[in-house]
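A short worksheet on the structure shown next.
Naming follows writing order (A, B and C), and every chain is counted from residue 1.
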Amino acid sequence: MNNTLLKVENVTKKFAGLVALNKVNMEISKGQILGLIGPNGAGKTTLFNVITGFYEPEEGKVYFRDEEITGKPPHKIAKLGIGRTFQVVKPFLGLTVEEAVRVGAYNHALNEVEVEEIISETLNFLGLSKLRKRLCKDLNLVEMKLTTLAQALAAKPELLLLDELAAGLTPTEIDNLIALLRKVNEEKKITLCLVEHVMHFIMGISDYIVVLHYGEKIAEGKPEEVASNEKVIEAYLGRR
Amino acid sequence: MSLELFIQNLINGTLLGFVYSLVALGLALQFGVMDIINFGHGEFVMVAMYLTFWISLFLAIPGSATVVLTAPIFFVFGIIIYKLVIDKVIEAQPLSQIAVTIGLLILLRNFALAAWHAEPKGLQYQVLVGGFKVGDYVISISRLATAIVSLVVLIVLHLILTKTYFGIAIRATSDDKVAAALLGVNVKKMYTLVFGLGCAIIAIAASFIMTFQQVEPMSGMTWGLLSWVIVAMGGLGGLSGVLAAGLIVGIAQGIEITFWDPRASLAIVYLLFILLLWFKPKGLFGKR
Amino acid sequence: MKSSMKREIYKQLRSIVIISVGLALIPPILQFNNYFLLVLTYILLYAVIVSAWNIIGGFGGQLDLGAGAFTGLGCFTMGTLLLRWNIPPVIGVFAGGLIAAAFGFIIGYPSFRFGLKDVWYALATIALVVVLKQFFTVWEQVGGPEERYLPGTYGSLYYLKLPYSYYYYILVVALAIVLFLNVKVKMSKLGYYLFSVRENEDAAEMLGVDVRMTKLKGLMIYAFITGTIGSFFALISGYIHPTQFNTDISLQIAILGIVGGLGSIYSPVITTFILQSASEYLRTVLGGWIPGIHLIFYGAILMIIVLFFPEGLSAILNKVYAKIGLFSLKKEEKK
């Protein structure tokens, strides 16, 4: 059996002549927690946008479960089973938590009964049940982040891309988040791919790490391997 | 369709195009720098046209000479409107800006109706009348004068924007208001002045439009929509874009009038506009 | 869970029935003469269209200014079918709705495909109104600059040439239907998808929402209703004319929807009744003295509401609802 869930093959993406991604290859296996790191402007979010169909790459292909998804619109990709949260946390501010999660739940539910089940189950799972009727704009940062996570989970993805979910959180909150994401990974069998700046977070949770720098993949491997990689240290700290 | 008629219509269309650019210029400046969506722009033009009419009538001076008064008056008018209305929605979402300026539109239009009634009004005192012949073609003096004024205002504005501290501050604010603020530009003051300046330009345009057109309370709708068409077409920031877009609209109308019904000349322009929004969302000359 | 939804719908139905019965009783109780009845009928006409606009504008957040195009298409489709082929308005009004919906598709599909938003979508739709107005002025076989009077003798049901009271009661029923449609949409997948589009399109896409299709559905429902109901402008006045492609209708409908409060079901309708009646009252009292004065107040009130009550009148009305215990949608406070 093929264990690869997502395969990025030779992807190149340019903006007005600037190369944002240069022949990037990446594979994510089923059940993995993969960390995608790199300094600012390395192309991490661009890669997410290519995978989820917001950008069409100039070159290269993206496969999900052996099916090519390059150039498909985001909502179709979401239907196929890829979920995503955004760098700037934007839950639906004018809706209640329950309503915001409901939008995600419609992705796979067949009827209203199932929708209700998914909402309750997801909110319970993330400990948000108390906030059910609260308007999203009245939530604090952690609650907002959890709500966007709940929305994504309600859509029942197989692969979930998380863009800087830990940004702005305190160390304690990050530890809680790590525990929660592990639970998502283990209990819900959802493969995770995280873009992150907070090293403590990414090193603490990832099974495997891919490093981007100026649109190119410069290293990959287990966290401890990557951490001691010359090129990576150079990319982060500058040439010495 | 004779060739002569076609060329005559092209000449008229081109001259009209300069006027369109001038009318749209105030809007382009305000929208480009401040990101404010003013749906009442056409009504500003309409009110300025009335102002020209009344000043010309009371002082018994030609309409074109009233700019000396209408431009400063409208500069102040712009600042008042900014302080009373625009400033409160400058950071708001587009929807609120549109709603508030539609309110302004309804208010100004009906103020005109209440104060000056529905009958169209034209200038009593004119110096820019008649036309002269170039070969077989007639060139209207009022339109030619208006075209020249449009060009002069465009050039002056270009010089202000590129050569003066004020102009550079405007462009800095337009590019990145946070950075501009950090560099010591008083953004709010800049907005106030830009809105006033935009309104002064509207007044200049209106005074000269009056030399070949009458004004009525409903005049605003056409000028407003046309200006938005030109701003959309010309992209933002570039004065040359506004000029080119104005000319394109004017010439397109000239062509339409030659080959089809003059009553549908705006329909063609707006149809082009809708197509442009779909296929060239960044305007004909990039950047939006 | 299912039963709680049923209960909610019953509650809404009760509110709608109360509104409808109330509206139905106004003319006989207040002993309205023809003039008042006509005024109220026009207000009702606006209310129905505002309520339809709420689906694309309030739920979906798209600033549509195409109402004048759809009402005009409704008038001309119904009128032309009647004038040319003697097809009764009972069929004609719905044909008008279909044509309007088709035009909704024609303008909406590319606009959403190419991602027109905010002011640009608003401008594209209001430009459509002017384009259609001028085309119908030039297209002399169907339109032309002269009024075309609708045939039929007064009192004929076939030609729907009826006393105002008939139109009034038809529109009361129409309002009830459109309000109920609002409730149904709001509580359905389409409603939640429209909300998500209004809140954040990218995030919505990533949850599996086909943003383009969602907007298009909302737009076409609204266009159909506006075309159908808009043809009453022609029925009431008795003729068709290109001025029925009216940009003022576009602006008024949108602004009543915004001022009423985006996304709430009853507030835009109630706002329409309050503001239009006030405006009409001012017109009768002051209009003969100074023309347009009522609309000066109208414009001023709109500006004041948007500037000082950014949530719209629904924020205030919701408190009133709570007091009188009516209309209280569980999820009324949307925005």
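Here are a few things to note about the model shown:
Here, a contact is a pair of C-beta atoms (placed from the backbone, for glycine too) under 8 Å apart; a residue touches a chain by one contact, two chains touch by 3 or more.
Everything quoted here is computed from the prediction, not taken from an experiment.
Using the average of C-alpha coordinates as each chain's centre, A ends up farthest from chain C. Put simply, the chain nearest the middle, going by average C-alpha positions, is C. Centroids built from CA atoms put chain B at 48 Å from chain A.
Centroids of chain B and chain C (each the mean of its C-alpha atoms) stand 32 Å apart. Annotation: 42 Å between the Cα-based centres of chain A and chain C. Shared interface positions of chain C, i.e. residues touching 2 or more other chains, are not present. Residues 52, 54, 73-75, 78-79, 83-84, 86, 90-96, 99-100, 102-104, 106-108, 112-113, 116, 135, 148, 151-152, 154-155 of chain A are the ones touching chain C in the complex.
Interface residues of chain C, counted against chain B in their complex, comprise 61, 63, 107, 110-111, 113-116, 118-120, 122-124, 126-128, 130-131, 133-135, 137-138, 145, 247, 251, 254-255, 258-259, 262, 290-296, 298-300, 302-303, 306-307, 310. Of all residues in chain C, only 1-2, 5, 189, 192-193, 195-196, 198-200, 202-211, 263, 331, 333-335 touch chain A in the complex they form.
Residues 37, 85, 88-89, 92, 94-96, 98-100, 102-114, 117-118, 217, 221, 225, 228-229, 232, 260-261, 263-267, 270-271, 273-274, 277-279, 281 of chain B touch chain C in their complex.
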